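We call the chains A, B, C and D, going by the order they appear; numbering starts again at 1 in every chain.
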């Protein structure tokens, strides 16, 4: 233990995310010029569930079966929510339904991170909210404090549960990431295993990570291309351009554009007012009332 | 085979033998040449295999008939995931959930692993011998072969086999197929499956075509749809109007969803034409005459769509051109289904969309590999023949009629009348259970084949008029079970029983395919000077073979003479509700029901999982005193099923809807006993022109059984309410946003 | 000169008080009232302290020491572990955050205070202790004991004073 | 009103009566002990099952990740507070009527904390890794997250548990000396001898003892308040509607004192009967606790109303939603039962006649405890079932038998510990009862003398 360390860290880390400056230039292992973020266009999303199934395939999610699903123990990191238009008299269907893909929003000031008693969920240098499975003791406080309820707990030991991965179904499991055992929390990682490979490849080639180097599984599958994923700190990236065009700023809990009446932009972040600074921007679903 | 020519195919084989294996023959064109083959260890890997880094091999999805081109992600000899082939004009690198689940069909624990003769495991010799014995005893016309949709070289081989048998009794059957559409399209546009350009349209009016869910080629359409919705398009953001009695996934994405009275879709189309005429669109005389009685007011009364809305729709179509009008399952499943489809197609003619958003598609230059499409009418013929005892030996491949035929057809009873029934099957499904001999098939990820899609999408910038393609299906890994065989291999073995001499050069289907492809190297885009092996490997690695297709043309005009719209069938006071069997994007006709990802991915609209349900409009439910979760009996004249009631606002109050594909009695652990089979209670009512089963012509009554369950579903107790939260799933009216400059 | 211990038992505090007062004023050779006299009582009786002469109590200094040490160590250890080991990045929060550390500091402040106070109590009251030379179980019941130590020569005088005040019992033992 | 205790009771008699409780309780003692053992066995069985199967058997789900375990945790922590109230607060306030009953109340503090600690363990998904939460230097170079309210909780509970155990022990040393002096054989003699530390009641010992006891009491009061505030912080520090309430810490503390007092009444009645403590646990004392309980009940009710009011008049729609759901949603019966038990039943304690009616007060105290258990449940569960995010509302979750089994078992565990304690250690503080008797008799003598003087003066 050194006093200089203490004093140094005191000042260095006083304010981390979200800040105007990009990450931590002093971070030893990873100079962070990356902030992964997403933009989901609800006008393009058709609610077809392809992203969700792709997530099951990519991330070794267990199929829990009817009984456990009925107890609310499903493990879909990516879930599609279906809302109806509401009026005084109930649900309106004249303009169809509203679909909303919901997964971990990788908040910059994540409510889940601070409450974990063992520090099993932390912020990464590339702006994600990471879950350390083998550190997790299963207190589930993170889930209790998650406003989006996108953290999923391993209520059972799924690898040994009947009909979850009966042989040879287990051969499909993706060796790039673990199969979680009972008693740990898990959630969307923005396909960490893929971003990691992309970063390593870029490093090997001696260049920064470029837009298009990596796709998340959901993004890759989405037939309507509703999901954009990339590095928000890279002004060339599609996702950064989208955020910029929609005037959604990562570090604001109330966007300037929302203060002006009649802005014609449709980017927003869900539950922004709780100040978790989510890394996922949604684009409002557009409907024409000409008919 | 030269020692350095240790190719991937062999590699896959070797991997399957757990590291000690040798490159033996048995894989097609290879043969052991003395002194030239060497024993190879697993640690000697081909240069492209780096442990822990995945290889991608192109293949073709077999989960539905759209024929999307996929890449199998292979690591350490195991296929892990299916991803879209970015070069595919069909799916352009994208995948649907159904396609993703293909790996679960492959790794399914309930696959049949050995031939089963009367339920007993037998060797392939015994199985094929049994077939030979039976065939020797019957005449060619006493043999019937039921298949699903087929294309490519398997189909060519199949044709040869039927010829060898001297049988013309090939019945191509699809439980859910756009069969009526094909006929109507042929009449209206001069081709069964033109290319729809949703991406070019400013307005799409879809009469029950669930093109984002389960209709024809949904992944392709979804991408077109994404383009169509882009405000940055020169045409601006497109508007989607969906007309259907039960909301489909496409309906849920519509700008305007019109819940029409079941069966009156054609009438609405005519009403819109009438309104267009009134709005100043010039109508050809015959059409004007044909629609003159269909004033919006009258149509409004009959269809239940307010006439203002019809006029608005007409105005929209008039103002925003080009548009695209689609007719889908929901409009076609009636006695007058093809008339409905024709009336709807006429809208495209009137609006001048034909040639703009309805384009001619090319067909493949080799008719023997062109797709044979299935229909329900062929099942009727087979059924009649079986009932009459005409067929002694019946083969079934790629179809599960015992499950999907209405109980009133008594198909199972007729099927078992045949002396010898052979089912080619991956699972012990209902038809396989009723068969005498079950031949276990390779999964689509173990098998060779070629696929020609029925709906021919063209890549950007190609000569779309003549673009046709053939896709390769190749093994993505070594077989899981040694005793399963590809359908091509089985057909070849059967052919050898008949014509041993002709096929003796082909050790297996692979060698047949290899030979056939290399023989047509030039037609498949190669040069005569190309090295055979290099050409073959390159073709395989691309997975897609563009062909110079036979250009078709769409007829610019349509006569109203064919149009004789009979009134929709009335209701029956005993059975007051119309049953609409719903085809969902993931469950389709139920052939994929044993893939747990599909069972666990919620139905997009109701969010129900692991069960079937009965969609009832809340008003109707209130009248009948039904609450959510009540187990209700849905009874038609032909039978009844029980399932849980789900109150669904997106359905016409006179209709109820039950999803198809559930209620298997066999197949496997994930499908068996899940939900109820709505096919079984369909009345045997047929479309008048095509003889297709009219899926939506069944009237039912609903009664409570007194039981109630908590529906297992994804949505919470508030249903689809956002409980007043301001910003969750936000919707904005188009005039409130500026989409034209979006990035 | 050898030392003797005497224990006299009394029925109530009044008698004991009288004895103690007399012993304190009596000038007995070989007996120092300030150091050689102990009063044992079954209950906590503040008056005893008064009549036996005011003796200071130092427990509170232990308390001060313990509490400050606890609080200081807590803050130091927690901040130190946060700063010097794997940094736990929490989005929106510094690595070494004050408010949570203060909460824990507060708890440790109390913990240290309680522990060291009790330790001080044990040290200052000489516990755990061996059995003293003279002890009667009556003291833990209902009698008050006055234990004195004196030279052999002072014993008769002491006895006399004890009996004068109606001692119920007088025990005597050789000193060690 | 009678006297809190007979003033003429002989000190030797006090020793005799209390020491008798270590020897021969009524038969009921053994019956209760056996039942407690069985009940505890049920809990152990449930935990073994849950340990092997996974937390899913508790019927918890996403988003309803906490259930009765956490509710019981708060309940037991809360129960511990009245021990401190009686021993520390009333000590500082020189309310000597606490003396015959504070010992068992303090034991209750310790044991209910031990019971609460159990729930921390059974609640964890991976209890076998529980040591990750301990702050100790390790080769992983990873420390627990000191920012987590759960860790504060652990620290506070640990501090409280060890402090109150020490407090209990220190206060018991003179009594242990009595035991040592009066019990002459067997293991007990050895135990008492060791534990009494050679206490002889010398003036030096008493002097330091007095100061120590006072100091620790002073520490315990803010500690007790901080413990339950921090437990409240587990909830109030989160963003969830219904939890994110400023008044939660005082509300929790009031609730804690309330349930503790109710539990003291129950145990008072039981001990009085089982160990024949009628002389010491007298009806006037009961009356005093009952009045104290009533006062706290009203404080609790008031804080409850404050909470509802602040939610009602806030613009936090989600919090309002939770409140409405509590009143009319799936938990409504329990919520109303809580209101009834917590705010209506205590009015029975206003009836003078009933204040000293043992069966009635016993029943009332049980109802109050039930109400307080429900309160904790109603804090935890409705927020999960109707939180911020409408899609994940979950109105169907119901604790499984495994959860109930463990809650049930915890009562067995507590009773077991408590009864064993009462049998091994004096559950009435002998030396302090002596003090009480002594001071009171002095007082009445003085009063009598004063009266005489007054009479004389008048003459």
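The rule is simple: a residue touches a chain if its C-beta (ideal position, glycine included) is under 8 Å from a C-beta of that chain, and two chains touch if they have at least 3 such contacts.
Not measured: the values here are computed from a predicted model.
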Most widely separated chain from subunit D, with each centre as the mean of CA atoms: B
Most central chain, judged by mean C-alpha position against the global CA mean: A
Euclidean distance of C-alpha centroids - subunit A vs subunit C, Å: 63
Inter-chain centre distance, subunit C versus subunit D - centres from mean C-alpha coordinates, in Å: 30
Geometric centre distance via CA averages, subunit C-subunit B, whole Å: 91
Junction residues of subunit B, two or more chains touched: 710, 715, 721-722, 725, 728
Junction residues of subunit A - those touching two or more other chains: 74, 81, 83, 100, 114, 119, 271
For subunit D, residues that touch 2 or more chains besides their own: 142-143, 145, 147-148, 151, 388-389, 391-392, 394, 396
Interchain contacts (touch definition) - all pairs: A-B, A-C, A-D, B-D, C-D
Complex interface listing, subunit A residues touching subunit D: 68, 71-74, 81, 83, 100, 102, 111, 114-119, 135-141, 143-149, 151-157, 182-185, 271, 274
Touching residues (chain side subunit C, partner subunit D) in the complex: 38-46, 48-49, 52, 55, 57, 59-60, 63, 77-78, 81-82, 85-86, 88, 90, 93, 97, 100-101, 103-104, 106-108, 110-111, 113-115, 117-118, 120-122, 124-132, 135, 137, 139-142, 145, 147
Residue numbers on subunit B that touch subunit A, as the complex places them: 52, 75-76, 78-84, 91, 93-97, 99-101, 103-104, 107-109, 212-213, 218-219, 222-223, 225-226, 229, 231, 237, 239, 241-242, 247, 249-257, 259, 309, 312-313, 316, 480, 585-586, 596-602, 604-605, 607, 609-611, 618, 649-650, 669-670, 674, 710, 712, 714-715, 719-722, 725, 727-739, 741-743
For the subunit B and subunit D complex, residues of the former touching the latter: 710, 715-718, 721-725, 728
Subunit D - residues contacting subunit B, complex: 317-318, 321, 388-396
